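I've put the structures underneath this note.
The two complexes that follow have chain A in common; it is paired with chain B in the first and with chain C in the second.
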Partner chain A sequence: MDTTKMCKFIIVVSLALCTVVLAVAGETCQNPSVASQVYSTHEASVVVNTALVAEFTLKCSNGVKNLALYAEINGQFVPVTKNEDGTHYQVSWVGEHKQAPRGVYPVRVFDSDGYQQIKKAQRNEESSGAIKALFTLSIDHSGPYRGPWLQSEFIAATTAIIVWYCAYTAKSKLQS
Partner chain B sequence: MRLQLVLIGVLAVCFGNADEDHGPAWLLASKTLHNQFVVEGKELVVEYIIFNVGESAATNVVLTEESFHPEDFELVRGMTKTKWDRIAPGANVSHTIILRPRVYGFFNMTAADVSYLSSEDASEPVHSYTSAPGEGGIMRYRDFDRKFSPHILDWAAFGMMTVPSLCIPFMLWFRSKSKYETIAQQSRKTN
Partner chain C sequence: MVGKKLTKQEELLLQDFSRNVTTKSSALFYGNALIVSAIPLWLFWRIHQMDPYQSALVWAAMTIVSTYLVAFAYRNTKFILKHKVAQRREEAVNREVMKSLGDDKKMSRKEKDERALWKKNEVADYEATTFAIFYNNAFYLVLAIILSFYILKTTTPTINYILTISATSGILALFSTGSQ
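Let's look at the complex of A and B:
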């Protein structure tokens, strides 16, 4: 009798565990398709720091929504915010201009499993570059416009001095 | 054997609920502008940072920004209403929106709203506010341009205006000089 009860107990627990595993697996996004819009700061004359912002919508083939996502942007791991119905997501980063030189910035987005792997890698002081992201966005930062290379007043003053110098040397040659 | 299993189960349940001794979550939020000047028609970067200084995780954190009216500000990038599922105790999160002012003049930047559940069994959300940057001015684009643009067209116009007063005496001198040199050459040839 005890053996039968024990077997039944084991079967029930295994079924429960399988259900839990399947339910958790259903939370992963299968075949993500992403539509994104990005932004990077272009005006350094008014803005003190550079901002990199990526907004995206995510469609999963298994219809999962409202995911908890994490992103790696410019070396930092940040949680991804979303709107109330969980369809629209945003990743943002703000820092000094020199921390964001001109270039293409890949933004790797991870789901909660990927993020757990990253935290584990960080705890073991390993590189997290090998961990597979759910998908990657790109922010093409053309660099902020800081104004012209040479001030126009400087060019005007230099031109005036050059013209004066030519006239002065010509006059001296004539009078000598 | 069975009694030992039951004892282990009871102990696990007891230790599993140790979180109930922690205090509630407490969020502090700041709203800052990353602009030296706020100019009509130029980008304005607003960053919100939310810190959890409480002892539990804050869940269902919703940040709502309603003080930038679409008539006065164009939303270039970012969401004015966002949500985080969970902010762990001691952690912070940040959110940025990019705006472009459509008008100029004095503007009072007020706080945004933050609402969250301070513990796992809380039913009513806690409503809080971010810090407010306060009153500031949005510069007119013409005034900013007058102060800071390179004025290349203006300098080119100035250059064109100085050309007559430089070129007319030069041409007079050059003409008489070349006439004199031709005469001098002719007299040298005849001599």
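Let's look at the complex of A and C:
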């Protein structure tokens, strides 16, 4: 009788432990598969700031959806927004042109656990570079167009002045 | 004296010292003046974004005024330059005419001189006409660009156009009335 009770107790505890493990494992994305689109500002003659935007869809092998994600983009940690059904995510950064020169910007994406580790590292004033991200995207920013070096009316005025000066010189020689 | 027929030499001298131009020169002047006065229209249409249909009357009026003033400047500049050109080209023209007529025994000395004078007048007339057109066109375009894109750039396009064209053609006409 005691042995039977003991066996039942062990089975119940094991099942409970398995349930807890599975519940915990269900919050983490296993083997993430990412499809992304990126955008960066290409024009600086009218636009005041540079924007870096990454949109992506995330598929986890364990079927987890609607994750709370956080991203490190250009040195800042920002929450990743998502749509209603939790399939499409977007992260963006906006700043002055000089803060985003031409280059490739890695975007490290973390889940809740990873973000907690980052916060802990920041509290302890440690580097967050060693914390493993869920996945990393790349934004290739080619740098914004700032307009031509010389304005067209300046070139037109300069050319016209040179031509007029040649004509004036010839007229002066003729009248001398 | 009244009714006395002028000699060819006297006619040439009168023509030389007169500000009047021939019909051909006049057509050339007004044609060029019209083209030059119409060039800024493209700038104001495409760069300053003036609407052609709304601005048609203003454009037509200012183009006519500008054409007249630019042609006036052409005439004055040509008159001033013609004598200078004639002085510079006299020797070369005489040489060329005498070379071509030197062997012609039937023509008298007086006729050869008249021919040389006529040729000199023709060369000076042509060179002065073309140079007057070139110089005034260059001056017109410089003034139009500087006025419309730098001095008047804060004004509305219509005001910019009226002031630019009137000032440009006015300055051109004014400077052409100088004695040198």
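Simple rule for what comes next: the second predicted complex is superposed on the first by the 129 of 176 C-alpha atoms of A that agree within 3 Å, B and C clash if a C-alpha of one lies under 4 Å from a C-alpha of the other, contacts with A are read in each partner's own complex, and residues count from 1 in each chain.
Here is the rule we go by: a residue touches a chain if its C-beta (ideal position, glycine included) is under 8 Å from a C-beta of that chain, and two chains touch if they have at least 3 such contacts.
Keep in mind that what you see is a predicted model, and the values were worked out from it rather than measured.
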item: Partner chain in contact with A:84 - chain B first, chain C second, else both or neither; value: first
item: Which of chain B and chain C A:163 touches, first, second, both or neither; value: both
item: First (chain B), second (chain C), both or neither touched by A:171; value: second
item: Touching partner for A:99 - first (chain B), second (chain C), both, neither; value: neither
item: Of chain C and chain B, partner touching more chain A residues; value: B
item: Touching partner for A:45 - first (chain B), second (chain C), both, neither; value: first
item: Partner chain(s) touched by A:138 [first = chain B, second = chain C, both, neither]; value: neither
item: On chain A, the residue positions that both chain B and chain C contact, one per complex; value: 153, 156, 163
item: Residue numbers on chain B that touch chain A, as the complex places them; value: 34-39, 42-45, 47, 62-63, 76-79, 81-86, 93-98, 144, 148, 150-152, 155, 158-159, 166
item: Chain C to chain A touching residues, read off their complex; value: 80-81, 84-85, 88, 131, 134-135, 138-139, 141-142, 145-146, 149-150, 180
item: Footprint of chain C on chain A - complex, ascending; value: 153, 156-157, 160-161, 163-164, 166-168, 170-171, 174-175
item: Touching residues on chain A, where the partner in the complex is chain B; value: 37-39, 41-43, 45-49, 51, 53, 55, 68, 78-79, 81-84, 86, 88, 90, 92-94, 147-148, 151-153, 155-156, 159, 163
